[in-house]
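Mind looking over this structure? Questions follow.
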Amino acid sequence: MLKYSVILGNLGNTCDRFLSSGYKDVLSKEDLVRQASEIEGVKGIELVGTWDVTLENAHDMKGLLDKYGLSCVSIIPDHFGQKKWGRGSLSAKDATTRSMALDYTRECVEIARILKCPTLNIWPGQDGFDYSLQSHLVQERKWLEENLYLLASEAPDIRFSLEYKPKEPRNFSFMARASDTLLMAKQIGLDNVGVTIDTGHSFVAGENVAEAAVILQEYGNKLFHMHFNDNYNAWDDDMIVGSVHFPIYVELLFWLKETGYDGWYSMDQYPYREEGKGALEASVKFLQMIDRRLTDDRRGELRNLITNGNAVETQNWLLDTFFIQS
Amino acid sequence: MLKYSVILGNLGNTCDRFLSSGYKDVLSKEDLVRQASEIEGVKGIELVGTWDVTLENAHDMKGLLDKYGLSCVSIIPDHFGQKKWGRGSLSAKDATTRSMALDYTRECVEIARILKCPTLNIWPGQDGFDYSLQSHLVQERKWLEENLYLLASEAPDIRFSLEYKPKEPRNFSFMARASDTLLMAKQIGLDNVGVTIDTGHSFVAGENVAEAAVILQEYGNKLFHMHFNDNYNAWDDDMIVGSVHFPIYVELLFWLKETGYDGWYSMDQYPYREEGKGALEASVKFLQMIDRRLTDDRRGELRNLITNGNAVETQNWLLDTFFIQS
Amino acid sequence: MLKYSVILGNLGNTCDRFLSSGYKDVLSKEDLVRQASEIEGVKGIELVGTWDVTLENAHDMKGLLDKYGLSCVSIIPDHFGQKKWGRGSLSAKDATTRSMALDYTRECVEIARILKCPTLNIWPGQDGFDYSLQSHLVQERKWLEENLYLLASEAPDIRFSLEYKPKEPRNFSFMARASDTLLMAKQIGLDNVGVTIDTGHSFVAGENVAEAAVILQEYGNKLFHMHFNDNYNAWDDDMIVGSVHFPIYVELLFWLKETGYDGWYSMDQYPYREEGKGALEASVKFLQMIDRRLTDDRRGELRNLITNGNAVETQNWLLDTFFIQS
Amino acid sequence: MLKYSVILGNLGNTCDRFLSSGYKDVLSKEDLVRQASEIEGVKGIELVGTWDVTLENAHDMKGLLDKYGLSCVSIIPDHFGQKKWGRGSLSAKDATTRSMALDYTRECVEIARILKCPTLNIWPGQDGFDYSLQSHLVQERKWLEENLYLLASEAPDIRFSLEYKPKEPRNFSFMARASDTLLMAKQIGLDNVGVTIDTGHSFVAGENVAEAAVILQEYGNKLFHMHFNDNYNAWDDDMIVGSVHFPIYVELLFWLKETGYDGWYSMDQYPYREEGKGALEASVKFLQMIDRRLTDDRRGELRNLITNGNAVETQNWLLDTFFIQS
């Protein structure tokens, strides 16, 4: 049985640069948590700093999660959603900003402890650059690495899972691809530092996401967390899983099992104009469908297909295994 | 029942710029035709000029097709595979080349008549440009239009179906997208001039291919022919249908029916390293599976879903309608 | 002398989906107008509905523009920035919404008349779809066309310039590419309906933007307006002109002159983290530099180069003509 | 003074999958070498295995290079251009093929020694996969790593520079991006194993190529070699340097100097329809132009600009520093 979770904010109002007030109404936190708890199979929740949880409301949030039987699987510190981080957080050119980012992340460690949450999912979306010749490419990457080392060494009880994304909101992120981020994690060299794959970020990076997972696992079991969504490959559209692609999700779920990934399968979408709960539920159902078909026997068949590498046989196997033929 | 066909050369040897001798062995024409005839559901064949058919061997080819019970659904004149067309054919800067391209296309009209083939599928792959400031953008497009008008007006018994593709072998093609090419067809203004959609070319163009089909049909029933394959959106990888995407093929088949498309469903792949017959067969089987599920009743359901536009409901419908749930 | 203008909002605060309060401070309208007037060479301004101008403040805005010596070159009706347009405006599935969108656009016609502005730049960013099988591709496009016909026929004194963009905020826009939009304009069939090119939208569409301009001009002088910016081809990054690409801007300016475009050269950027005035000024200076070099003599040279199509000669010409060699 | 070289085959005939006989005439090896020697500033040559050099003709080739005053800067073993490598070379599923690939690469070591060439540029273009569920992602990557370790440990006098490319001829390459390949090099753990950047491959990978260079240099001086060309970001178009982009090349040359890269600046293009020598020469001239402007003083200015990160100032600096203003 896979462990499914969702990001709380996916259930709420979402905005973009043209409609900054958002496409939907703002719901109460309790409504969001309750909705999450009603999605069949979902047992975990991810919370975004500032938006969902702060040091002030952490105990209240813990109460809500307990009430609805959800555990907090990760906290995503808000390194991206406030003006002060607009030019970077942990790698900002401005020393005061870097220092504030350190302090704020330490606060998130406290929040995680209050919520009995094992993982900070670090997505420093503003750390990167937009223009050629804008970034000190040596120094700024180093600051990011050093600050992550500092934080992770201070809090050995918390896992720091670095989430990569090629671009947005910066045109180039410092943590852009699986291997870039793994290199950083290895350079940091601490057991509690690993990597998060977001399937959509991986598609935009041009990666085969199953291969990204394998690389992270093979170079030291560094795949700490998984975010799921779908898109059209060019941008992080954050859509329902399976609404664009199909075989790649089979390949991904197969290799997650093969390489011993035992973490959460977390939905991360932006259902701008969709009913949030239904959109997350549809994704979970799609993954559950694949998971049900990937029995031990069929994974045995897949191992043989993969060893042979005959694409025709594999496509026929996919057709027969997953699709209604009548 | 949809009418399926294949491009003969897809069964043979295929090469690329690094392995110009090709990945596989060269088979005899009869072997290729026989293999095509053995794919369940396939009744039609497309032939490429020079590679598959010339004025010299047209009668022999007719004999072969008759022997194996296949009809020739289109001929693709070779406007791309010889050194003389390297800088363009019907729109080449060189007047002699344009004239040769006209003569050669007229020859293809003769070949089509010999083969009782109703359609020339015009893919002028070398007509375009690579660099900024390399093409006389007004004049060259005009030459292309004028020459197509000339050819189509001379042969009113033959349909000229213009196949668009954004790039390759040129970095920019003159017939790049559905609407560009429809504009050209409308400018030419003859009933026997329409457009071919290749699904993979449409993906690379960033189009929703179902929308491209609708536009062509709505602006005058100008969708003459369909090529099927799959790819990763960035390049014309010419893969097995359904090996990357899924819902878009449902949407496409639905709208082809809705808009009254009654032409061929032709496979156009480059199975570089795959056994050709199996690769084409897998594509046909994938489309047949979708087609079987798109019964009248279910298309009625889809009409309602499309009228409502609720993506969650539609994703759930796709999951329930197409995938084995146990 | 080219006529330069800017979009007023580019000088103000800009936000994205992660930082909805925006990266910068909010300035007063007068500050924005004054800044625009201080950019050397800029004589025109574009205003966005709701954000910059409404029926209520139109006379005040006229006063401001007069005070600072700027003319209003286009108004961009707000078909995208309010919750009510979240699922479409002029092509919304909901009849009441379509009716509201018509009324609102008529209001913009009134605003334009008050401001002596000749052009509505129509960018229906929410009109499109996100998922396969979500849009009634026939009906919704027809509504868009019919409503645009209605509006343009009611206001023959105002030009309606349709701005295309492949995606964002919808994953697929109905007005996606130059030719799609030209087809729509031709279908509408009114002299006061044409097309706006935004260079960045064209890059994302995979077009050669100079070719897009030529197509619009050759099929009936339908290029009504130009927006300038730069990006990395995958997304509408709305950057300073020339910060990524170079030769394509030379090709574009050349063909705008060749095809008799005499409209405005308007900057349309999103300088999220940059000082707005400086960012727009840098773009204007880049275009002025190219324009100064494109003397009559040099355009004569270019005509020869384009007729020959020798890329090596043209690259050498670009190097010698534009770059300091010492 | 930068050290410029070219790949010999760029001067010869080039083909693609549609025109397998190539766009140009085949010249003699001596003609190609002589042409290379005539490009101002070029002192080095790269040779492709099979195509340009074999064990049989290595001594003759050495004679030719000596005659024309060129040194061989790298040999690119042919791991891609023969049917036997069609499904992979050093990581092929077939053990015999892997063994043959080892033997062949050892032969290339011998060739390098004969030619006094310090570097094998390893581009295993066929090592990767096309379809989901086709590759044993763990095992095949391991074979590649092990075989490279074996080869590099056997020949400590030769540098093995691993050239990455996201795709083509496979839809996914095992050496796809800078960091993936650096991870492999670090895993191999030998001083004579590093990485080659091809600017066009990096563009296709969505990297900022200057950042890729910095990462390789910062994590252990692993940038061994540079290939230069330009493209439209979506595909390896192998065009003249500067024919699409500009500022990124300034950023790249700046950081190559900052990080102490002292290797060759090698042109790698596919001038399908252009005169080869002229196309390479235009690239070298473009880089020389940038290099001349990047004096010590101006690099000092750039250091300040990069420390500030003000994109407006930097764009103005680029405009003033590189472009003729009159």
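Each chain carries a letter (A, B, C and D) given by its place in the written order, and its residues are counted from 1.
Rule of thumb we're sticking to: a contact is a pair of C-beta atoms (placed from the backbone, for glycine too) under 8 Å apart; a residue touches a chain by one contact, two chains touch by 3 or more.
Since we're looking at a predicted model, the values are computed, not measured.
Comparing chain pairs A-D and B-D by the number of C-beta pairs in contact, the larger count belongs to A-D. Each chain's centre was taken as the mean of its CA atoms, and the one lying most distant from subunit C is D. In whole angstrom, the spacing between the mean C-alpha positions of subunit B and subunit D is 35.
Inter-chain spacing, taken between the CA centroids of subunit C and subunit D, is 39 Å.
Shown for subunit B are the residues in touch with two or more other chains, namely 87, 130-132, 167, 206, 232, 234, 240, 243-244, 247-248, 273, 311, 315, 318.
Across the complex, subunit B is touched by residues 14-24, 80-83, 85-87, 125, 130-132, 167-169, 171, 232, 234-235, 237, 239-240, 243-244, 270, 272-273 of subunit D.
For subunit C in complex with subunit D, the touching residues are 206, 232-234, 240, 242-248, 271, 273-275, 278-279, 281-282, 285-286, 289, 292-293, 310-313, 315-316, 318-319, 321-326.
Across the complex, subunit B meets subunit C through its residues 87, 93, 129-138, 141-142, 166-167, 172, 176-177, 179-180, 182-183, 187, 204-208, 210-211, 214-215, 218-219, 247-248, 250-251, 254-255, 258-259, 302, 305-309, 311, 314-315, 318.
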